[in-house]
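Each of the next two complexes has chain A plus one other chain: chain B in the first, chain C in the second.
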Partner chain A sequence: MDLSLLAFGSGWGDALARGLLVTLALAAASVVLGTALGLGGALVATSRRRTAARLVGGYEVVMRSLPELLVIFAVYYGFSFALQALLAPFGVDGFVAIDAFWAGVLAIGMVHGAYCSEVFRGAFAAVPAGPLEAAAALGLRPLPTFVTVKLPLALRFALPGLMNLVVVTLKATPLVAAVGLEDLLRVAGDAGKNTKHYLTFYLAALAVYLVLAAAIWLVEGRIERRASKFLGA
Partner chain B sequence: MPDLVAGLGPYLPLLLEGARTTLLLFVLTLPIGFLIALPFAFARNARNRALRGLGHGFVLFFRGAPLLVVLFLVYYGLPQVPGIRQSVLWFLLRDPFTVAVIALSLNSAGFQTHIIAGALRNVPANEVEAARAAGFSRPQVFRFIVAPHAVRLGIRSFGNEAVFVLKGTAVVSFITVRDLMGAANQVYFRTFELVPPLVFAALVYLAAVFAVSRFVRLVEWHATPQLRRAR
Partner chain C sequence: MNLSGLIGRASSICMIVAALGASLPGVSHAAAPEKVTIATEGAFPPFNQTEADGSFTGFEIDLGNAICKHAGLECTWVKQDFSGMIPALQAKKYDFIFSYMSINDERAKVGLFSIPYITDQFRFYGPKGSAVTLPAGLDGKSVGVLSGSTGERFIKEKWGDKVDVRGYDNLDQVNADLEAGRIDYGFNAQLPVSVFLASPEGAGYAWFGPSYSDPLLGRGAGAMFRKDETALRDKVNDAIRAVYADGTFKEIAARYFKPGVDVSAEPLWK
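Take a look at the complex of A and B:
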């Protein structure tokens, strides 16, 4: 194994670092979108609107059953098809490529959201009745009760599950290379093809993913210890 | 549905062949992963610290490594390990399908180790003590007390893992194995019709997941006497 291949400047270090940034940005944007979708989904699923709740349930089942790759293709090609149809009357012809990064964010975020929704539902169910009754007794309106009492308590129950999903989503990001995104794994693959040192570059990429996952688990452990203080556990 | 099938017309055999490959990967990966996971699960629960560390490390590795990285490492990386082309393993690594089964099984073994070890650990100790006091031998305790209870505890997580394995098989199209996802993609590139092949693939995946969850519920019902009595 020749480690000088990974050097910055003369080696592939700069390209790999750019790939890593793409991976991190994709994971972060997907997690933000997915967590928001999941929170919204959980609120609808636990609301009294039966039809809407059922739709959310169906969305969750479908998203958790389909391969991420299929969702990525559907979003990427689906959107470019729609754009093509929209632009056709204006004389734009042929394939309209949309940005692989944002298609990836949308696709992975949608899947992430389906899993998050489940975590949030469990967390809302775990909030004890006492604080909510106290809030009602104090005359707090529903919205302030939710924002200042229910949501902070639920977040503590949801955090371990949410952090776990961050790792799952980070691991799903290399799939977006299938629609042309130059993420860390894709760059490592290109470097391997160019230099014929596949093993070196894939091991380097593996090490980076493992370090990122370990970092997330470390943060998770810290947050959990802090949160459990407040839960009195 | 009839429209969909008609739209696919000449490409239906290609898709069905892909679906067959996907299901084959699934039914091979899950049991092979289980067989790899068993020793690691026992190591994870062992009294020996080094063994416990080994089991834990195995789980953490696959929980942290993207499946695609594992797949590429086995497919592109392993043949570059010095000496491997001369070894007996080489005939396994030449065929993309076998590589896919190896990578998927190893990855699933990591998660199954976690599930099996957790289920075995959570069987109440007093049940084991009671059985020992009643004169059960150690193998008998495992066969009649620990194993059935562990199945009851782990079956749901195992079902979730089965769904992950099924979804995970879609990555094999990256190494030229033509599974359902790859076939759907190919139909799209030949016909420039997006919806029919993707919907066909999605329906097959959904049906397979539905079948898996039904099967898991059946096993759970059989493994849990109190569920049966409640009816």
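Take a look at the complex of A and C:
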């Protein structure tokens, strides 16, 4: 194994670092969007608005059933074709550039959100009735009850599942290479094709993904310990 | 792409803004072909590959640039996965494809091809000494091909009932599985395989059987355009003829291919 291939400056180090940055930014943005979508989805799905709950539930089943790659293609090419069709009457003839990065964030975020919603629903269901009854007895209105009692408790139950999904989504980011985004794994693959030293570059990528996942688990463990201190279990 | 680039992209081309119709993001006008963008896979040496700094090199990059010079075009290369190349052409992400796209009827239905600028015949290869008589020797054997390639169609049509055809995303995966013993033979255009056969990893492997040229295998590789881009196509056609006529093609080919390897597509259109 020739480690000089991974060097910065003369080797592929800079290219790999740029790829890592894309991977991190993509994962972070997708997780933020997906968690927000998931929380919103869980709230609607557990609400008394039957029709809305069914619609959201159906949408999430679809999102969880489709291959992520297909969702990425649908967002990237689908939006692009739709926008072109929409803009054609206004004399705009050409490629309406949908940024591969944001198309990826939207697609992966939507899938992440569909899984997240399940985690939140489970967490809401796990919140014991006692604290909620206490809040009602104190005369707390629904919104303060939710924000100060139900959500904080639910988050503690949701945390392991949410962090699990963060790792799943991190691992889904290489799929966005299919629409031209140069993430860590894509750069490693290109470097392998160019130099024929596949093993070197794929092992380097493997090490980086392992370190990233380990960091996520480390953070998860810390937050969980901190959070459960106050649970008084 | 660095972090500021990311943020730049975030602010400049925000699809949500575009969806609301509040602004018209990066629209490339196909009507002004003086500035054109060309798609390359960037991962198919020696035709095209990506360097550590993100630039592209290879036979097609040099040839494409020479063609652009002759045609008076200002060309920029963009990278695109081979599997999504035709949809992205139709989505007007770039003006034409110059990335070893073999010409066949199926593709000609959805796009417009230039005259072929290169041709390469197909052949079987496998472990040295595997004396195979074709086609009887293929019975029950597994053969690696590029999925979606003309080679895959050809072999399936011709021997699909006897051969276990395995599709791969790229040639390196075919060769890796050949080395690992997961497949018996490979079937591919000769040029990229000649690179493998000349490498240390390919030392134990050799060609066998005849070279195949068949309408199913394509009629050489050409630049591919959208259906309505006849003017640009004609311009590129003239430029291809010009780089063949003035010796530029031969000179570039000599840089990338072994002496004696003839990749000239001239017989196909002369």
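As a convention for this text, the second predicted complex is superposed on the first by the 229 of 233 C-alpha atoms of A that agree within 3 Å, B and C clash if a C-alpha of one lies under 4 Å from a C-alpha of the other, contacts with A are read in each partner's own complex, and residues count from 1 in each chain.
As a convention for this text, a residue touches a chain if its C-beta (ideal position, glycine included) is under 8 Å from a C-beta of that chain, and two chains touch if they have at least 3 such contacts.
Just so it is clear, the structure is predicted and the values come from calculations on it, not from any experiment.
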{"item": "Overlay on chain A: chain C relative to chain B, clash or fit", "value": "clash"}
{"item": "Touching partner for A:25 - first (chain B), second (chain C), both, neither", "value": "second"}
{"item": "Which of chain B and chain C A:11 touches, first, second, both or neither", "value": "second"}
{"item": "Chain B versus chain C as contact partner of A:198, first or second or both or neither", "value": "both"}
{"item": "Partner chain(s) touched by A:132 [first = chain B, second = chain C, both, neither]", "value": "neither"}
{"item": "First, second, both or neither for A:102, with chain B first and chain C second", "value": "second"}
{"item": "Which of chain B and chain C A:44 touches, first, second, both or neither", "value": "neither"}
{"item": "Which of chain B and chain C A:189 touches, first, second, both or neither", "value": "both"}
{"item": "Chain B versus chain C as contact partner of A:81, first or second or both or neither", "value": "both"}
{"item": "Contacts of A:178 with chain B and chain C, given as first, second, both or neither", "value": "both"}
{"item": "Chain A positions touched by chain B in one structure and by chain C in the second", "value": "73, 77, 81, 178, 189, 192, 198"}
{"item": "Partner chain C, residues of chain A touching it in the complex", "value": "11-12, 14-15, 18, 21-22, 25, 73, 77, 79-81, 83-84, 86-87, 92-99, 101-103, 106, 177-180, 182, 189-194, 196, 198"}
{"item": "Complex contacts: residues of chain C adjacent to chain A", "value": "1-3, 6, 9-10, 13-16, 18-19, 21, 24-31, 42-45, 49-54, 78-81, 83-84, 87-88, 91-94, 170, 172, 176, 199, 201"}
{"item": "Chain B-touching residues of chain A, taken from the complex the two chains share", "value": "62, 64-70, 73-74, 77-78, 81, 167, 170-175, 178, 185, 189, 192, 197-199, 202-203, 205-206, 209-210, 212-214"}
{"item": "Chain A-facing residues of chain B, complex", "value": "60-61, 63-69, 72-73, 76-78, 80-81, 163, 167-171, 173-174, 181, 184-185, 188, 194, 198, 201-202, 205-206, 209-210"}
